[in-house]
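Structures given as structure tokens follow.
Each of the next two complexes has chain A plus one other chain: chain B in the first, chain C in the second.
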Partner chain A sequence: MRIVVVGGGTGGTIVANNLSRRLVGEIRARKVRLTLLSASDKHMYQPGLLYVAFGQMSPDQLYREQASLLESNIDFHVDPVVEFKLDENRVRTQSGKVHEYDVLVIATGSRIVPELVPGMREGAETFYSEAGAVKMFKRLREFEGGNVAVVVGVPHKCPIAPVEVIFSLHDYFKARGIRDKVHIKYHYPIGRIHTIENVAKWAKPEFDRMGIEYETLFNVKEIDPVNRVVRSEEDTETHYDLLIAIPPHRGMEVVEKNGLGEGGWIPTDRYKLTMNGHDNVYVLGDTTNLPVSKTGSAAHFEAEVVAENIASIVKIGAPVRDYDGKVYCFIEAGHDRATYAMFNYQIPPDLKPASKPMHWFKMAYNQMYWTSVRGLL
Partner chain B sequence: MTTQNEPPLNAISNEDLQRLVEVAQLITSARDAMSDDIVNRLSWALSEGLILLDRVTRNEGLMRLMQVLEKRESQFLLAAYAEAIDAAGKEIPTLPPAVGGLGCILRVMRDPGVLEGVRLFSLFGKHLSHSMREQHRKGEEAIP
Partner chain C sequence: MNDCKIVDARNTFCPGPLMELITYMKQASVGDTLELLSTDDGSGADVPEWVNKAGHELVSKERVEGVWHIRIRKAK
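Up next is the complex of A and B:
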């Protein structure tokens, strides 16, 4: 059986390593061939970008060689897929090589598209790329006071990021002794301060305590970097001295170009994690159109289900598990406190008060991530 | 009013409470001493240690080596290696440089210790090549 995994991010790496462990005998006996096709020879720990933006991590701490994270029996190529021929069970890569498969896993992730909002690329700081996070840190360092506005594009990766950046801004300026000179205003596109109701309930008193102003039902329409104004679809506007934006996201271009899903999000069965209409194609992580957060933890839990099911198909001819929508998100409530949100399709998150040990747990996870992508945790 | 599950008040002595306070103080002290950097370093070491442990425990060659090293005679051999490294390390700097040539080789070969060493390595080579041949011949079944 030929298993091809497309994408070397969190989901793709975990599913490949997990399969490699489960099918070690079959791979050795050459009954199974496991191939991973990635666009990069480097693997980035993306949640670390927020720490880079606040000077708590340096960019080099975010990277490892992709090959060093993979089991030795995985056939790994830095050669991104450019064409999916699902009806013929084959994919073609940038180098022109064709990979035939019996089972395909698509975990290509998502990308930021700030250009969808006029003025966002030029006028706002973002931390969703290494260069953006470093630039944002430098802007924060030289900022001596004024209006800081945070705006949120939709859809976006890591739903907790907007509130985390607010808490971090508060603590950052407090530590520099200029919190009283900084006015922080938060803008959110729906009628409460977070899409997850219990997160909104938890965050509101924290915002009040920190003196954060917030405006809901604010969908970013355009940014005027010259006059430093951000306008909303709802015809309101905010003047700023420093604008931080959570940029809107889309699925990868290759998914859109091959017509696999609108906006680059592939229609996916919420329990089986197979692509609708293709039982031998699995989709996971940001690439799905599922109503779960686009986070590494969702990709992780999905990857475990996908790997277990593919392995059981190889061994007994049928899948054994369903994905229950599980997501676990750390929430940094500043620079020394954190809490977490754990939820699934059935159970909403129940947030506990933020604490220092939870912050340390998050700090520890930043290191343990590398153990996690190797399929150990 | 108390329920049946609650211990009677006199079951908790002042000494017990004092110990609880001491434990709480220890935890508070450790918590105050801890920093993000310490947590980072400890978790990094733990993460790398787990990866190393995982690699070692799933490496069939290393696990076979561990099994062999558990045998008494293998431990004798290992101890002998350790002592040989120690003794040779001390002896080598005291020896004059080798002059070379056939005569020198013959002089060295007259030493019974050298011949025993050569025999040991030839035995090692014989079993090594036999095992390699068997593993290639049997493929999967060769590694237990």
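Up next is the complex of A and C:
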């Protein structure tokens, strides 16, 4: 059996390593061939970008060599897929090579598209890329006071990031002794300050305590960088001195171009994690169209299900379990406290008060991530 | 072409039904109708509130066996 995994980020790396261990005998006996195709020889720990934006991590700390994270029986190539021929069970890569498969796994992630909002590229800072996070830190460092506005594009990965950046801004300016000179205003697309009701309930008193102003039902429509105004689809506007944006996202262009899914989001069965209409194609992580948060955590839990099911198809001819929608997200509540949200399709998260030990656990996880993508945690 | 796209946001806490709807509304063309399916009690109130504020059109809203079926036409 030929298994091809496309995408070497959080989801693809965990699937590949997990499969390589479950199928070690079959791979050795050449009954199974496991190939991973990715677009980069580096693997970025994306949650670290938030720390880079506040000067708490340097960009080089975010990366490991992708090959160093993989089991040796994985046939790994830095050669991105440019064409998916799902009806012929083959993909073609940038180098022109054709890979035929019996089972395909797509985990190509998502990308930021600030260009969809007029003025966002020029007018807003963002921590959703390495260059953006470094630039945002430099802007924060030179900021001496005024109005800071945070706006949120839809859809976006890491749904906790909008509230986390508010806590971090508050602590950052407090540490610099200029919090009283900075007015922070938060804008959110729906009618409460976070999409998860219990996160909104937990964050509201915290925002009130920190003196954060908020406007809900604010979907960013355009930014006027010259006059420093951000306007919403709902016909309101905010003046700012420093604007921080969580940009809107899309799936990868190759997914859209090959007609796999509108917006780059691939129609996926929410329990089986197979692509609708293609039982031998599995999809996980940000690129699914599932109503599941686009997080490394979701990608991780999905990857475990996908790997176990593919391995059991090899061994017994049938998958063994469904994905239950599980997500576990840390929530950094500033620079020294954190909490977490754990939920699935059926059970909402129950938030505990933020604590220092939870923050230390998150700091430890920032290192443990590398063990986790190796499939050891 | 069938221009009523179903947005199935049943049993989701994150990103949640309204956030899902906004995602698909952004992808839709003016004049398209979307039908949101939601098991969240709050959708009956918070979806019309947003639709109204954002200037779209609420076509219909009903709850069948615990599932909200809310049809919205993209107006701008």
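In this text, the second predicted complex is superposed on the first by the 377 of 377 C-alpha atoms of A that agree within 3 Å, B and C clash if a C-alpha of one lies under 4 Å from a C-alpha of the other, contacts with A are read in each partner's own complex, and residues count from 1 in each chain.
As a convention for this text, contacts are C-beta pairs under 8 Å (C-beta built on N, C-alpha and C of every residue); 3 or more make two chains touch, one makes a residue touch a chain.
The structure presented is a predicted model; accordingly, all values stated were derived computationally and were not measured.
In the overlay built on the shared chain, the residue A:356 is in contact with chain B alone; chain C does not reach it. More residues of chain A are touched by C (comparison of chain B with chain C).
When the two structures are aligned on the shared chain, A:348 is found in touch with chain C, with no touch to chain B. Shared-chain residue A:205: touches no atom of chain B or chain C. Within the superposed three-chain model, A:325 lies in touch with chain C and out of touch with chain B [touch as defined at top].
Once the two complexes are laid over each other on the shared chain, residue contacts for A:293 go to chain C alone; chain B is not touched.
When the shared chain is aligned, chain C comes close enough to touch A:196, but chain B does not.
Touched by chain B in one complex and by chain C in the other is not one residue of chain A.
Listed in rising order, the residues of chain A touching chain C in the complex are 154-155, 159, 189-191, 195-197, 217, 219, 233-235, 248, 262-263, 291-294, 325, 327, 341, 343, 345-346, 348-349.
Per the touch definition, chain B reaches chain A in the complex via residues 31, 34, 36, 39-40, 42-44, 46-48, 50-51, 54, 140.
In the complex of the two chains, the chain A residues touching chain B come out as 28-29, 56, 336, 356-357, 359-360, 363-368, 370-371, 374, 376-377.
Listing the residues of chain C that touch chain A in their complex gives 8-9, 11-20, 22-23, 26-27, 42, 46, 49-50, 53-55.
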